[in-house]
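Next come the structures, one after another.
After this come two complexes, each holding chain A, first together with chain B and then together with chain C.
Let's look at the complex of A and B:
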């Protein structure tokens, strides 16, 4: 099996596990963990494409840096929303957050 | 063309570790163990980057994730009624739909990975020093706007996060 396909399969697996986690968990922090895993899968794919198809073009690595920025931003805003929610309602359980429904 | 056997072995080991720790994140009742499992998964992804000869991104991933998961574990302890999972509380909902979505999404991604006929893989990657030099040139020339936008996004996120998290003043 090509090492490119091998790395892409790892990315696909991480994406599937993350998608399950983001949809199945009731806690805000656990949902964020699922999203982190999905973005981790995307990172693996991007690095594999750069390494095995176009190692001479560095926009692939720049794309990885942008996804890492998205992960950091997601964490920062997610935890801020968690703190605000915990302060207001004493919980970050999504089952108890039906009042946020529009 | 195929890669060196050592690289393939490293890919398999780090890939399997990333997936194994990823599954462990949602298998344990302890939230702190979940955070540590995610740290293991993201560290394995960092190891995968090193195996793929992207040294800078690999080390960056390891440093970022070690910090990020430590913060996550702290938040777990702060927010959770039972961070150690001693009460064996079920923290899941819509499990069947989530499993279906995860499996279908994963299978689509696997099909998209395995079915296309990709171009022949490039065996040799640029040396780490060349990569660093060329990435720096890329960031400061063609991709400067993207890089600056990412920096601005982090600044905005910091301001937004601080504003949201600040306690409202009592009148």
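Let's look at the complex of A and C:
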């Protein structure tokens, strides 16, 4: 098994775990962790493709950095929403957040 | 050029200050109007010294936004600025009791800036943008008292009508720019001389903005707005934008197009002139008269003399603004604009009445007031044009009608008696009114040099002068004696409603749609006939020698014939289903779909995440399968 396939399997595994987490959990924090894991899996794939297919071009790395920045921003927004929700209702359980529906 | 820039920047700065400070809006607005006026005067001085410039700003790629500065734009800019300044002064008094002055003066300043933009624009993109902005300002200002009944309807109607006609301008501009390769007004017009479709589209846009038949209805409804708005937007400037458009694109128009322009103008003169004769409401009568006078300008353009139209535009701005400002004082004095309740108001306020009457007589064309000087060139132009045999009598009838409705209004305001009571803000209002009214009185002799300044010849003709004067006097006498009232009595009620085309959109939109449906029906009938005859021919063939040779062909032809028949019947039935029903079904189906889809939106995050994930999975599978 080539290193590339191995890395892709690791990425797919991370993505699968993340997807399961995001779908099965009801807590906002847990869901966001799942999403992070999914993105992490995608990043592993990106890095693997860069490393084993086009190590001479750095755009792959740059792309990964951009995605990581977007992840950080997304987390900041997500936690801000979570904190606001917690202050208002004392809980971040998503099953109780139906009242947010317009 | 700098001076002309000031004319746009002034009111914009006033608007910003009003919105930012939210107090003393009148001071800022007046300051802005003064800057506009100063800028316009500076622009005129510059232009009279031979100044001629064009200023380009970065816009879209290859389509810069251009401001143009020459004698024509300087004259128009000064006209708009002068009327705006005096109306702003008047509005300080008129709106004294109004709680929401901030919004009023902000919107008025916004309009003043946008209108200067229309006048000074040197390319189509900027012109189009400002054209839309004045439409928006008109909507906002008609709807200023939006809590009163009928006002929102009137504002929406004005907006939608002009907006609909504006589509003509959009298509025309697209065609002009794409064929000429430049958005500069003069060049693109010169490159498209004689393009019939473009000319008609420009005419359509002008008809909407200038309230020409059949779009004239919105202007009378627009009278529900405050009177300074009626004076500035709906008599002097905004409605003149259509005529300005025609004047600027006049080189494009060839003889058949000019005939169309003149025909629209003539029709409007007659229809709205008679409307004004029978209107029971002072402001609505003035609105009808505005449409009618704009019709005069269209006839001027159609007779091949845009300069005559320009001169009448300038004079009309002063005359009609003065009439509206007078009407506004009467409105404040007796809380009404209906003639029956305004009886004798002229006697109670003699100074206002004299200024009002001066403007009215000027409009009727009595020498030496401005209207005489501005209408005579139009009559002379119609006499000189190849269509003179039709246009000249039409212009004379228009003059007769003008005299009649002006005299009728003066008589109704003078006869009877009314109680005089103090009107708040009278001093401001009188200053504004006196300004425009004196302009309407003394502007006349300045109009001939104006035309020379713009670089055109003003047609003059002694016989048309004499005939015009005689007709105007005849009209005045007929109107004062009440003769025309008796004459107009049988058509009073449709005329009072402004001959509006089928109470709104019925004639404009519904009838054409029905006609289209009928045409489709006819097409189907003919298809049906064709297939029947095809079937018959097939039958004839089949029963002939061929049938004996092959019975299969006969059956085939018969089947084709009857299938065609069935198809034709089915498609006919389909078209006979009511248009409303079809649209209703569409609406119901959309609603049903919407309700079904709504149920998916439960608000449970996990469920929606699951839906999203499974959707992504489906797309993934499809994408893999498609490889």
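Brief remarks on what is shown
Going forward, the second predicted complex is superposed on the first by the 101 of 102 C-alpha atoms of A that agree within 3 Å, B and C clash if a C-alpha of one lies under 4 Å from a C-alpha of the other, contacts with A are read in each partner's own complex, and residues count from 1 in each chain.
Throughout what follows, contacts are C-beta pairs under 8 Å (C-beta built on N, C-alpha and C of every residue); 3 or more make two chains touch, one makes a residue touch a chain.
Keep in mind that what you see is a predicted model, and the values were worked out from it rather than measured.
Superposition of the two structures on chain A leaves chain B and chain C fitting side by side, clash-free. In the superposed model, A:81 makes contact with chain B only, not with chain C. Of the two partner chains placed around the shared chain by superposition, chain B and chain C are both touched by A:19. Shared-chain residue A:61: touches chain B; no touch with chain C.
After superposition on the shared chain, chain A has more residues touched by B, the comparison being chain B against chain C. Judged by the touch definition given at the top, the superposed model places A:31 against chain C, while chain B stays out of reach. Looking at the shared chain after the overlay, A:98 reaches chain C, while chain B stays out of its contact range. Once both complexes are placed on a shared chain A, the shortest Cα to Cα gap between chain B and chain C comes to 7 Å. In the superposition on chain A, chain A positions 19, 23-26, 94-95 are in contact with chain B in one complex as well as with chain C in the other. Chain contact summary for the complex, chain C toward chain A: residues 601-606, 609-610, 613.
Across the complex, chain B is touched by residues 2-21, 23-30, 32-34, 36-37, 40-41, 43-45, 47-48, 50-56, 58-59, 61-62, 64-66, 68-69, 71-73, 75-77, 79-84, 86-87, 92, 94-95 of chain A. Interface residues of chain A facing chain C in the complex, by the touch rule stated above, are 19, 22-26, 31, 94-95, 97-101. Chain contact summary for the complex, chain B toward chain A: residues 2-3, 7-8, 11-12, 15, 18-19, 22-23, 25-26, 31, 34-35, 38, 41-42, 45, 48-49, 52-54, 56-57, 60-61, 64, 68, 71-72, 75-76, 78-80, 91-95, 97-99, 101-103, 105-107, 109-110, 112-114, 118-119, 121-122, 124-126, 131, 134-135, 137-139, 142-143, 146-147, 150, 153-154, 157-158, 160-165, 167.
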